[in-house]
Structures are given as C-alpha cells and as structure tokens.
Amino acid sequence: WKQITKMDFGFILLLSLIIILLGTVGSHFLEPETFPTLFDGFWWTMTTLTTVGYGDYFPVSVGGRMLGIFLFIFGIGIIGVLISKTVDSITTFQKFKREGKL
Amino acid sequence: WKQITKMDFGFILLLSLIIILLGTVGSHFLEPETFPTLFDGFWWTMTTLTTVGYGDYFPVSVGGRMLGIFLFIFGIGIIGVLISKTVDSITTFQKFKREGKL
Amino acid sequence: WKQITKMDFGFILLLSLIIILLGTVGSHFLEPETFPTLFDGFWWTMTTLTTVGYGDYFPVSVGGRMLGIFLFIFGIGIIGVLISKTVDSITTFQKFKREGKL
Amino acid sequence: WKQITKMDFGFILLLSLIIILLGTVGSHFLEPETFPTLFDGFWWTMTTLTTVGYGDYFPVSVGGRMLGIFLFIFGIGIIGVLISKTVDSITTFQKFKREGKL
C-alpha cells in the first residue's frame, strides 16, 4: 500500500513537471514577444496552473491561448493534486513526529 | 456501475460545453465592445470558469456582469468536477497500465 | 436525514448572502472612490469570493484590505461549499430523472 | 480524537502564520520597490495564498518570483485546509447549537 502511494506521488510529480515544461517552452516559443525569456514562460505557467493569474503575463495569440486552455484542463487538476499531497505529507510527518514514530 | 460513471462523465461534459457556449455567445452579444470576437468571449469564459481571471477581459455592463456571476455560481463547480474527473481518468489509466490490465 | 441536509443548505445559503451583503455594503462605504456604486461593491465581492480576482476592482485602504482578508478567510470557503452543493443538486436531480424517480 | 483534531487545527494555523510571515517579510525585503511597506507585502501574500491574485502587486525579480512559487506550492494548500477547517467549525457549531448541545 505504501509502495503504491509512493509510486502515485512520483507519477503525479512527473506529470506536473512535464506539464510545467510544456507551458514554459510552449509559451516562450509560441509568443516570444509576450514571454521574452523561458523564465517568464515558467512564471506565467506557475501563476496559471495555481489559478492565481496576476495578469502580468497572458497569451494573446490563438496558439498561446490554446496552450493556456490545455494548461487549464490538464494542468490545474494535476497541480491541485500535487499541492494537496504536499500538504498531506507535511501533516502526516508532523503527526508521526508527535506520536514519537520518527 | 461503470455505465453510471460513464454517463455521469458524459453529463458533466455536456453541461460544461453548454455553459462554455452560453459564456462565449452571451459575452460577445451582451458586450461586443469588450469581447470583439467569439474567440475573445470563449477565452474570457475559460479564464473565468477556471478562476484564473487574468483581467485581460472582464465585463463592465450590468448584463455582462450578471452573466459573469451566473458562470461563477453554475460554471465554476461543473468545470471543477470535469477537471477533477479528468485527473482521475489519467491516474486510473496509469494504475491499470502499471498493473498490466491494459 | 433529508431534513438535515436541506437545513444545512439553507444555513450555507443564508451565511453566503450575509457575507455577500457585508462585502457589498462594506466595500462601498469604506472606499467610495474605489467602489462608486453598491453594484460595483457587489461585483468586486463576487469576483473575490470565487477567487476569480480580475483586478478591475481591488481595495487600496487598510480598512478595505482588512474587509478583503475577512472575505478571503470566512467567505471563500462558504461560497466554495455553496457552489459544490449546487453542483451536487444538479447531478442528483439528473440521476433521479434518469432513474425515473422524477 | 477531539484532542488530535484540535492539535491538527493548531498546527495548520501555526504553519499558515509562519508562511504568511515569510511572504510578508520576504516580499518586502526582496523587492522593496514592488512592496514598499510590510502591509503591502502582507496584502500581496494573502491575495496569492487564496489564489485571488488581483494583479495590483506581483514580484518582478527572480528572487521575488521564487518566493511566489514557494507560496504557491507550500502555502496555497495549507491556507486551503485552514479555510476549509474554518467552514467546518462554523457548520459544526451551528449543527450543535440547533441540536441543543450548546
């Protein structure tokens, strides 16, 4: 059971990294004027996947917006699971520590 | 059981598409100055339903804002369920593949 | 059981309406320059509680921002429950209809 | 059991306060031009952790954005749990009151 959970976390993390990479590289190459550096594309991808959406960066072309909608549908959920699993790990770690199991 | 889940996913998807269509067409016709093309209305609808809200588009009229609030109340939850079911499908697919069932 | 669920929905709805009213009236009176009409305050409250946050309206005074943070902590969760219960109602209604119970 | 839940709430609250403090102090010192006062840093931290993201404040430096991404990954989930536990407390309080247990 522990094994499965660990593998699932690894799978979610891998999928998240692939989606973040797609957003970073895709935005920079589809709209170099909007996302002048790869770091700008990465920053936009992170603000998008977490749904913070400051509005300092956003795509304006059809291709860029299609990438955005891809991130919405396939990325927001995956990052949400990753963030929720991160919180679970922290609270479980604390519970174990408190109970003297660590 | 599988049948029911499949129907539920179909129902959620259909409802999502209807709400996205309402947002796209509604915004463009209620505020053509704010949403000059149907694709602009579609892009605003998607940024709204996912709660990303970049702020590159937003309604300014009473009618447009009422449409926005309709999308908030009836759309955000439906899209949330759709995104969460999409993630479930991906993780289930991966689990089945790993276990050699596919 | 049905009774309790119904009462809970009513309680959540009542709480939501009180919080929306507080945000609407509070923002307009704390910062009349930022929120010139009550409808502007209502629109900002709704974009805040749903975490869409277009950025067309936001408080700039200490009082207005404290109201914002109050809405974040006590409102986002309540509206989230209301939206999720609305989705549940729609899917349950559809399930009942399909099964011929309605 | 009650004891554990209470401790968990305390732990989540403590973690939230630490993350809010890190965001407030970190943003102000990493980017004093963007966040001129500690209260500006606090306001940006709260709009970020709740994913409202008005866009009135956002980091522009590499360090500031790294702090933002830290808040995304470790903060959004924790604040989400805090907000959801706050809602639970309110509904439980109401249920107890209604049932005459308070």
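Letters A, B, C and D mark the chains as written, and numbering starts fresh at 1 in each.
Note that in this section contacts are C-beta pairs under 8 Å (C-beta built on N, C-alpha and C of every residue); 3 or more make two chains touch, one makes a residue touch a chain.
Computed from a predicted structure; not experimentally measured.
Chemist: Test of understanding: which option in A-C, B-C or B-D shares over half of the contact pairs of C-D, residue numbers taken as the match?
Modeler: Of the listed options, the interface copy of C-D is B-C.
Chemist: Looking only at C-beta pairs in contact, point me to the busier pair out of B-D and A-D.
Modeler: A-D
Chemist: Cα centroid separation between chain A and chain D, in whole Å?
Modeler: Averaging C-alpha atoms per chain gives centres 19 Å apart.
Chemist: Let me have the rounded angstrom distance from the C-alpha centre of chain B over to the C-alpha centre of chain D, please.
Modeler: Averaging C-alpha atoms per chain gives centres 27 Å apart.
Chemist: Two or more other chains touching the same residue: where does that happen in chain A?
Modeler: 51-55
Chemist: Help me check something: in the complex, which residues belonging to chain D touch chain C?
Modeler: 39, 43, 46-47, 50-56, 82-84, 86-87, 90-91, 94-95, 98
Chemist: Per the contact definition, I'd like the list of chain D residues that touch chain A in the complex.
Modeler: Answer in residue numbers: 7-8, 11-12, 15, 48, 51-55, 58, 60, 62, 65, 68-69, 72-74, 76-78, 80-81.
Chemist: If we count contacts the way the header does, which residues on chain C are in touch with chain A in the complex?
Modeler: It is residues 51, 53-55 of chain C that touch chain A.
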